[in-house]
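Questions regarding the structure given below will be posed in turn.
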């Protein structure tokens, strides 16, 4: 989780080292060039082709799947004049979401969240974007289909996206990522509802583990989503000319979505706390019930057993033993005791 | 709850899709035109009639019940020059309350709260307002009587409302919604009082479930009411000329009411936390009492039973068994034990 | 508690409706006119007399006991040119403390707190002040002696108060109210000390109820006192010329007192939380002790009873029963068992 | 604790009344005059001598032990032109630490903290300072040696203090007070460490009371120290010319110390909370252990006792009773039961 | 922990006294002079050599291991014109991390954290830096290898570091320290994971002590790391010309790392709180289980024992005893009882 700094201690700042799991075998590059009138999608291109687009007047979107090839990244970075510190941040897959404005380009780092149904966990993948005058570089740890909808919109001539610049494209990409957050949040919402239903029926260890699990996942979600708020605010306040005023209304919309996601995370955190309280209370309640049963059983039978014990003593001189109605009398005494105690417990509302 | 984003992933921003339950069969439009001297109320009008009011010098209030007819909304929006993102927000019934100022109009989204007595739950409905120079568009998910009082005031010539513009009308509409919040808060207040009374008498599972229920409802209320604070502040700071200075005093009053509602929600949240603490403490107390009864009963009778057991042994040589006063002596011994223990418990203040 | 809005739903803003209990039979007006050289106190005056003072060059303080006579209030308001929204706030006895500056006058609303010894509760009464160039209107829900000291100071020629304007008079009135808060706080402080003493001796249900009661009362106190902080800050920042610079030093002093009251409320809130923790811990401790007694008694006697039970069996062939020293041997065995267990418990430090 | 307001209700603001315990028999005044070249220390001087120093070009430090002599204070105040509200604050020994800048002088109020070893409590004493162009008035509730080090430094010609003005002297005095705070904090730190050690060994009522005690003391400390932060910030931002720029570096150092003290108080508050959690958990753990012992003992012996009871029944026809190996068989059955249960508990890891 | 103030009470501000453990036998000085073309590393130099570098046009880094030699420090400080208050702060090893800008130099104090594997504790060491136009003074409490990587980079001609000034060197040094924080955080992260795993299996006292231990360590870490945030912000806002604009991008990177470290500390704090909740809940759960076993065993056997007791009574007239099927009938009765109770417990889902 903190991989970056552990690996890199002792290296000068800006040293490029990939940190984190290698999630794809071979890094692949693809380019989409577009203008209102033009659209070309080339996959699996070479580095040289990528660097060539800088000269093109079209807007170019270069996407890289797999960021562990440090040399490739360095070459790409040098080609586009990216500062080594920016590349270092991209390579550090444990980086915090952030935006940083450089002279000629802006770096945005954020987290893609997906729910791994097999392992029942939320997985995070780091997405980074660098955008300049008329190019966007996007970096993903592994191939994925998150941006396919954006690609389709670029392909269709009709959409707004073709007629806008790199800033709108970046907005559209971030928007795709944020939209995916709501899938995760929806899933968590469902799971919490189920958990609550189940809690009311049963307070087993498994419910407790699940509450604890959601608390942990929500801490991670929060860490991934909160900083995005600053990213969108920063974009809205952007003072470079890279973000066109027409894009502002969309960024405000994006900001709304981020706030909505944050609100949901906070709501879920409150909900899990509330579920834990509920668990503890129900659990305490159950204990109470168990204790009551024990107390009632023990309190009723212990005195009776004592009475039976008394008349089980072997003293030679116990006159009651010889009385004709001794046995029935004792049985009646016992019954009286038991009924008395039952009434006592009834009064205490334990029954 | 998070419907919007889940449905819309992959669509470009500004795509109009209705999200949420369809709450009315057929969308209906109505228009009220008014000026100090004039007042006309037309119900169930056509789209064309609505668009026609734009040319009128009167102030027009167009209300739409039922927002699921996307085409109707799009046509209305286009007619009034509303940005697709604004319409998208109106269609997303899970949107956060907000205000957004566009060049020619202002969009306000808020939540109507009502208490569904049948299901014992708070229901939220989204109300949206768009107001420009001399028109107000209001959007409700289903027919309702929340605005009837405003309609009546418009009808009566005497009121202040006829002589003011669209800004005052919007204020009056929001004020009606906020006034309704206090109904809900009043109900919650009553329920919490009852719950507290009941807790003192009994700590059953049902009380616990109700505390948990109110905690959840209050989280939702809070999510619905808090953002309104920013809405009213934003209206007071409005820099477009759409809000007349004379309306400020009313907006300040509205702001006061919103703050009062927020204060109440926070107070109720503190109260439910406090009730949960009380529940846990009372419950712990009860447990204590149960344990004391068990301990007293068991501690008194177990030693006695033991004594009885000793003299129930069948050894041939147990001299006590043959003593003349053996039996009474043992009974006295038992009594002494019991009294001794009772005194001990008395001293410990368990009795 | 939320009376205002519940009653008024559907009415246009500025409609005058009295909300809350009617606390006095007949509203009464009184006037004090003063200047450095002059002082006149007229009680039970008519509305006309009140309106007449507007022309007078003296500073006039008009006090109204009983605010439920809406017509009287309206007439008074109109006479002094008060905005209906201001009057509406005065009539709403559940209003939040606030200050609002109008063109010609300033409205201040605050809460008088008093301890009702009979019902053992804190009672709040709403006091409102409107002050303009050379008049002060004060509104109380019922007759009371809170302002008597101010009246006496006005009567005595020597005091500073006679030579100052309406702003200083308002300051003096608010100061009287805030001074009364410390009575309540002092009482709560005493009660909390007593409660703490008692907790150490006993953890009964009553202590718990009292802790809960103080938590609730402190929530109310806080709601009444916190907003005063904004009132005094607002007065210090006042931009109308109604507050004379010479009064600032007194307002700063008042502000200090308000902060002190808030600090105390927060301290008491921390203290009650701390008392609840203490209650829970002591209660848990007691439970522990109860359980230990039970465990010790049961653990010692249950095995002994078992041994007795064994030799109470009726098998024909139980050689021990016939041994000469069988009985004493068993008694010694039992004693050994008991002593062993006692040592075990001693080691565990349960004894 | 809230003495001031309770006593003074009804009095006009600025009325001088001493509030709090009278801590010294007779108020005594002392004067130190100094300049780089001069130093004179006169103790037990008269009021007239004090007032005379105003004319002197030297810097004069007048110290008053015992503030209950209201007349003396009033005369001193009038002599130096101090506003009655400032004197009122000095007399109110329950005042909040604060700084207030008047036209000709600055008032600083703070709390001296000392640990009363006898009563095991932290005691607070109020210190007030008024400093003007070339004089410092200091007010203490009783004689003490806190400022002796400052007096010595004044006496020695070599120190920096002689060549500076009243602002540096005030800094030096406040610095002495703040330095004393660390004694208290060090003591609390030690006590908390001891308490933690003890908790691990034993969870008795006394530990609980001590945790509660420290929580309360820390609330008081916090109330005494936090406002000092504002005092030092205010001094650094001072806009009168009374604080020389050269003193700023020292005030920044003082501010650092205050922040350090606040940090420690907050750390200790977190620590006591943590200790309470620990107490509760250990206590719960102990309970668990007690319950396990009870359960194991009862669960093993109750069934055995039952078996013994069965063969203690007096039915005429119980064939087992006559079997030759009946008794040993039953003993073996009992042993099997017991061993089986022991294995069960072992598996559950209760043993 | 609060050593400084305790020792120094009574001394004038700026008195140099070493506070804290003496961690090295003999203080040693070393100098590195460098320029893009030059590099010289002299170890164990004399004070005179150090003072000589001031005249040199090269950038000089003077490092001191062991700060307890007050005289040496004073001489060094005087040589470089350092204010006594700055030296006092360096000598106080319990100082809070801070930055303070003086006219000719800047003082930065921070904490080195290292994990002492033997004592299983986090140790803090204070590092201080003073940097001026072309020199950097660094102060460490004992020899260590934290800065070796920086030294190596200085030695290699190729690196960026040789061509930059003292500001970049200071950045590189702080960066080394912050990089080390992540080692500690990584270790804590691992320990918390292990602890969580273990909790799920077992809730013993040791786990509890470890949770408590991490809570305490995290409080200390937080105290050491949080203030660094202000240090980096202050450096970025620096208004002296000592920090070159080219260094800003590196400081922003450093700031990111500090924020990341703070985020991790806060996450771990949330995690430990969550673990404590888990511990309490699991512990409560275990208790519940224990109670259930006790209740089931007792509830089943106590009534049976009572029945056996009844037929163990010695009354002469107990007809059942003589019945032929009496014994088997009673056995069946007992079995019925037991089965009935088992079904009851099954229904209650206790089995």
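Chains here go by letter, A, B, C, D and E, matching the order in which they are written, and residues are numbered from 1 within each.
Here is the rule we use: a residue touches a chain if its C-beta (ideal position, glycine included) is under 8 Å from a C-beta of that chain, and two chains touch if they have at least 3 such contacts.
From a predicted model like this one, the values you see are computed outputs, not experimental measurements.
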For chain B and chain E, chains touching each: A
Approximate Å spacing (C-alpha centroids) for the pair chain B, chain C: 26
Inter-chain centre distance, chain A versus chain C - centres from mean C-alpha coordinates, in Å: 42
Chain C: positions in contact with at least two other chains: 280, 284, 287, 291, 294, 298, 302, 305, 309, 312-314, 318
Ring order of chains, beginning at chain D and proceeding to chain E: D, E, A, B, C
Chain E - residues contacting chain D, complex: 1-2, 4-6, 8-14, 83, 85, 88-89, 95-96, 98, 100, 102, 202-203, 205, 208-209, 212, 215-216, 219, 223, 276, 279-280, 283-284, 286-287, 289-291, 293-294, 297-298, 301-302, 304-305, 308-309, 311-314, 318, 320-322, 324, 326-327, 330-331, 334
Complex contacts: residues of chain D adjacent to chain E: 148-149, 153, 159-161, 172, 175-176, 178-183, 185-186, 189, 200, 249-250, 252-253, 256-257, 259-260, 263-264, 267, 270-271, 274, 277-278, 280-282, 284-285, 287-288, 291-292, 294-295, 298-299, 302-303, 305-306, 309-310, 312-318, 348-350
